[in-house]
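Input: structures, listed below.
Common to both upcoming complexes is chain A, partnered first by chain B, then by chain C.
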Partner chain A sequence: MLEIKPIFNALLRSKVGAVLLLIQIAITTAIVSNAAFIIKDRLDYLNQPTGYEEENIFKFNVMTFGTDLDLIQQVELDEASIRALPGVVDAVQISAIPLSGGGSSTGFRLKPVPEKSKSINASYFETDEHGLNTLGVELIAGRNFNQDEVILNRDYSQFPKVALATKALLDELFPDEEGLGKVIYMGDQPLKIVGVIGMMKGPWLKLEERKDRSVILPMVDPGKLHQFLVRTEPGQRAHVMKQIEALMHDNYAKRVIQDLTGLDEKKADYVAEDRLMMRMLVVLISVLVLVTALGIFGLTLFNINKRTKQIGTRRALGARKSTIIQYFVVENGIICIAGLILGVCGAVLLGQQLMTHYSVPLLSNWYIATTALLVFAMSILAVIGPARRAANIAPSIATRTI
Partner chain B sequence: MLKMNNISKMYQTEMVQTHALRDFNLHVEEGEFIAVTGPSGSGKTTFLNIAGMLEPFTGGDYLLDGIDVGKLNDNQRADLRNQKIGFIFQGFNLIPDLNLYENVEVPLRYRGIKAAERKRRIEQCLEQVGLASRAKHLPQQLSGGQQQRVAIARALAGDPRFLLADEPTGNLDSLMARQVMELLEQINRDGATIIMVTHDAELARRAPRNIQVVDGQLADFTLYQGNPNVAVGA
Partner chain C sequence: MFSHYIDLGWRSFKRTPLVSLLMVLAIAVGIGITMTSLSVYHMMSMDPIPDKSDKLFAVQLQTIDEGQTWWSPDNLPYQLTYKDTESLLKSDLPYKRAALMATGFSVHLNSDKVKPFLEETRVTSRDAFSMFNLPFIHGDVWSQEQEDSAAPVTVISSSLSKKLFGSENGVGQTLYLDDLSVQVVGVIKDWQLHVKYYDLNNGSFNEPEQIFIPFSLIKAHEINTWGNTNGWKHEPVKVFNDKLQSEKFWLQFWVELNNETEKRAFEGYLANYIAEEKKTGRFTREQAEYKLRDVNEWISYWEVVNEDNKIMVALSFMFLAVCLANILGLLLAKFLRRAPEVGVRRALGASKRQVFFQHIVEVGMLGLFGGVIGIIVAQLGLFGIRQSLSYYDSLANMDISMLMTAPIIAILACIIAGLYPAWVVCNTTPATYLKTQ
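Now for the complex of A and B:
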């Protein structure tokens, strides 16, 4: 039969070890539930859909030191020669690389500056009519811009009149109507939305930027350092990448090709810190759970060693082996439940603090409940071994003088 | 009530075999008070452990109330111990984290007795040993003699067929030892069968029947019939 009351009373009379274990369980529950939630949030962040075939796209920088060329003409020549390579789907010079952590963003408005207007911040890419196909993102309404709409910018005397924008941005700017065909403003420059893109992440994935707000402007404005983006047929990327440097030097020699990198690698570099933090949290959780399990294991072993004669006496008085196991499991269960109640409160408070100070989303109760259940199961598993050992103490120990 | 026929107990290590008991024969009738004496290492405690089913024996037959103990499994032995035997240990063996009431309650809980009945029995037994007013005290708040009386109350609470006492006065001064012995004699007069292992020859002489264990065998069998100076050989 269960001996909850006498076990509880006994714990109250000899509580130092139990209180230490209780605190350990509470801390573990509070930290593990929050850390697990943050890990899940990081995983969602790392695995969020981007709209790109990351494994089929690569980028490279061109640093031109020669001065005897027209950069815009050279870019067009380079693009054409890359597109002619077997295995290439499309290639384009572009102002920013998606998922790389570096690019441009600005507020897109319903009215021109300086009029007061709703303004939504979004990243933007300047490229030509091949940009959409090179990025490989889905056009869900409207059309791509035409070649004659692309501004070849030499002196900033002209600005694009049309743009492509993601549905997410347009839904925010025009919550009650279709964004296609509407005019938005970049500063005081009007841009007519001629096409709506489904999913297209900008250069950043974090927090606010994680919202899918991107705009493509039809403009080519290469500097001495400019970037190309290339999409290949599946499985052809490595082969095409090997040919790039020679091809570019054949086109024009006085320049350096840098940072020839796959888009997936670029993203991996960008999220490396997040991945590291996630791994550290996994290690933290593992260590905490292990230390708590060892704590329970150790305390139970200590209690068994301390109570060897008591256990023998209980056996002599008629306790079955299963009764002894039950005794230690119930004792541990009482400590664990008290620790979990404290830990759940701690988890909620810690979650609120993290949300307030570190912009972490509000901790879900499911994580607290799941963590509490797992910690409880772990504590039962940790106590079973020592409890079985206790049950094997011979009742004859009761008559020995030790 | 208790019959041991040719009981043997052998401890074996890699190097040596030690016979703790050999051809041990003993019959105990209901209501007897037996003192077991013998030199250290003679096998007294081994006999007590086997009689109380605290350890298995190697050979022979042991019948307790007609039940063949050798054929019982561990759980059955635990249940039989709980129902038929009350233990009194030299070191009292009270559980330090439990108060007197809870200590006496331990064997009753193992038997699954309901709370109201447990309470009645505990109060009755603590009353019997003169400690009812201290039920909420912890063992360490009592003297050695009082602790042993609590242990006796615990042994009596389950209303066992017989009591096994292992040096019950070994840790007590002479005054307290006499009080505990008088209590045991009273319990015996009330009908309980008692087997008491002791080093104390004077205490042993107060028991109506003495057995002596030497080198694991029943070496002597003496009955004091009213006159402690006259020994009747068996």
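Now for the complex of A and C:
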């Protein structure tokens, strides 16, 4: 019914064109399935939940060059004046900014140094009792630390006794027990866990094992260069941000206010390379599919021109238009399926290469299957136009030039 | 003959404008995409200091205790401790050396003339300027006495001098770094680098600093690093001196060694230094470990060209292959259609070789057109990259070598694609086609 045998025989008479098409389809399938998989991987990374209302939070740096002040007092005063601004939910001086790519991390242990102990690396933030509310992350158990537990660090003679930690960190440290109320050690300093935080990403999103592990320490330790984090009411951020520099300079003049940026922008900067890679891949596969489609289109057109007489003859001998269309669709289908078989193998191989040499996860077979289907559909679409043109060749053409 | 072939090629182009245009576009898109990713790759991996890259060496010392691991590929720490840096700097060696640290200050003039601004600053020693090829426009580097006595002096870039003092020659002027007043002793040409090879800790493609101050100021004014500080054991740091005495890593060190003899001599010195330090209880490993890496080795050790770029380059070459397969198909179709004409030419005495070359020239022309349009496509692509990533400004560009490469790759690729079709068409038997005419 599908007349595969004669079509196949005809194909064997013009092998090169068919082989070229086959190669194109194979490479396209291999590239598109792998690229689509990487795109999906990056999209998941870019869109992962962070635990913050990124669009309502902003940060800025303060670099103090004056020396006639007490930095800790100044920080308290600055915090109070920012919190008093209309539209501000809370504001705090903090040692590191989440999602920014810059911060501190250390190993948290079950026993103090120098005893041997399990140690889990986690990022840490030093801030006061307003930190939790400014970050806006969810406390799922226990309590926030109190004002009297916050260490104002002037000479390193004191160290915090309590801390908040994310559930991800506590689950690592205490796999079988409840982490709340336990004591963990930062170096030789004991910290009692008084509160457990749910979702809260640290400064680094790239380090898979560290991004969810964070500790908040009740400590105010501003250097000459320190950072503030501010959370505003929805829609108020831009307005509040405009007032910050003037306000801070009114409070104390001999300093530079810098890097006044929204948390969403900070994150966008941090993930910029991944976003770029994703966009480049999207462009690459769109153009690739287009080029391959054009290739199929062009080759079919050429075949039709070459076989005008034969088509005319077939029509004259009684073949219906639909038979002619069918002929080209089936012919293309045969090449396409052969190309897809090769392409699927290519995709698996390419995926394995990428996984061995680079940090790309193993290509899921779903992507290959979906890509193969889409490429097949595309090739049918590309062939239908020229095939219909072939069907419209008048039978008289055949008789005219013989 | 060549110009005649070009003429024939041009005629053939005009005879089938649509197919020819399709081919040119296919090669243009293929070249455009390939050149976009290749240009970024090229800029990232390009030698930042070609005349000296094999003479400048980053120094690494294994100070970590046996059994402790580090995250570098060979377990060596990327940076040095203050103790080792100072010893290497002060030792009586005939080689140029530079210790480096990133920091930053509020820069101001203690007046209302210039609004205070934050500026990254490079703390370094005086050899750095000649080692890293930083030419002075005005003044000179601070003297050895000034370096030894921690004199408050600075070298700035010409654009910073303009910004602060309104003139390129800021020598003799005073500026403030936070509360420290420093005197400008030299102005250098702006340091332009696409890879910040001398300190890859905090972003490989960040701009180099514009202010330079003597290394001895670290101790004298307790200047903290803006770069990374990494430790491998618990060391309480309460006052600044604790940090100076600690085993924490926070400094970079480079040495200029002009030949293999000097390199071996310096390695000998390092081995000796480690043996001496061992007596004080440091360097506890059995085997003394140190490493000198030249600029290019250092860049690849840090994996400056990230894997995304490598994947993109690989994928875009595969894409180019698809475009070529496409062109090959179209060329075959186009040439075979012309077989009768070729038959006549052959019958009139053209040799196979002539016919072959005629077609290769035609294909080469397609490649040239495609390559030129491909450069435009690549410029668009690079523009898009620059838009998405600010610090790619100096990376997402085509330099002369890349501009030249584009048409060459295009022409070569097209000729490779055209070999088979040209071969087929020059092998047609004239008789077959003459018969049907």
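As a working rule, the second predicted complex is superposed on the first by the 395 of 402 C-alpha atoms of A that agree within 3 Å, B and C clash if a C-alpha of one lies under 4 Å from a C-alpha of the other, contacts with A are read in each partner's own complex, and residues count from 1 in each chain.
We adopt the following convention: a contact is a pair of C-beta atoms (placed from the backbone, for glycine too) under 8 Å apart; a residue touches a chain by one contact, two chains touch by 3 or more.
Note that the structure is predicted; figures quoted are calculated from it, not measured.
Participant: Clash or fit: chain B against chain C, after overlaying the two structures on chain A?
Facilitator: fit
Participant: In the superposed arrangement, which partner chain does A:Gly298 touch: chain B (first), chain C (second), both, or neither?
Facilitator: Touch partner of A:Gly298: chain C, not chain B.
Participant: After superposition on the shared chain, which partner residues are touched by A:Lys309: those of chain B (first), chain C (second), both, or neither?
Facilitator: So A:Lys309 only meets chain B here.
Participant: After the superposition on A, what does A:Ala319 contact: first (chain B), second (chain C), both or neither?
Facilitator: first
Participant: Using only C-alpha centres after the superposition, what angle do chain B and chain C make about chain A, to the nearest 10 degrees?
Facilitator: Spelled out: centre of chain A as vertex, angle of 90 degrees.
Participant: Is A:Leu21 contacted by the first partner chain B, the second partner chain C, both or neither?
Facilitator: Only chain C; A:Leu21 stays clear of chain B.
Participant: For A:Leu152, is the partner it touches chain B (first), chain C (second), both, or none of the two (neither)?
Facilitator: After superposition on chain A, A:Leu152 lies in contact with neither partner.
Participant: Would you check which partner chain A:Ser396 touches, where first means chain B only, second means chain C only, and both and neither mean what they say?
Facilitator: In the superposed model, A:Ser396 contacts chain B only, not chain C.
Participant: Given the touch rule stated above, what does A:Arg13 touch, chain B (first), chain C (second), both, or neither?
Facilitator: So A:Arg13 only meets chain B here.
Participant: When the two structures are laid over each other on chain A, which of chain B and chain C touches more residues of chain A?
Facilitator: After superposition, C is the partner touching more of chain A.
Participant: Report the closest approach of chain B and chain C over their C-alpha atoms in the superposed model, as a whole number of Å.
Facilitator: In the combined three-chain model, chain B comes within 10 Å of chain C at the C-alpha level.
Participant: Quick one: which bits of chain C touch chain A in the complex? Just the residue numbers, please.
Facilitator: Within the complex, chain C contacts chain A at residues 19, 22, 26, 29-30, 33, 36-37, 104-106, 108, 116-118, 176, 178-179, 224, 234, 236, 238, 306-308, 310-312, 315-316, 318-319, 321-323, 325-326, 328-330, 332-333, 337, 381, 384-385, 388-389, 392, 420.
Participant: For the complex, give me every residue of chain A touching chain C.
Facilitator: 16-17, 20-21, 23-24, 27-28, 30-31, 34-35, 38, 61, 63-67, 113-114, 155-156, 187-188, 223-225, 254-256, 258, 272-277, 279-281, 283-284, 287-288, 291-292, 294-295, 298-299, 302, 305-306, 354, 357-360
Participant: For chain B, which residues count as touching chain A in their complex?
Facilitator: Checking each residue of chain B against chain A gives 45, 48-49, 52-55, 74-75, 78-79, 81-83, 87, 89-91, 93, 95-99, 102, 105-107, 109-112, 138, 154, 158, 166.
Participant: Applying the document's contact rule, which stretches of chain A touch chain B when the two form their complex?
Facilitator: Counting only chain A, the residues touching chain B are 1, 3, 6, 9-11, 13-14, 309-310, 313-323, 394-396, 398-401.
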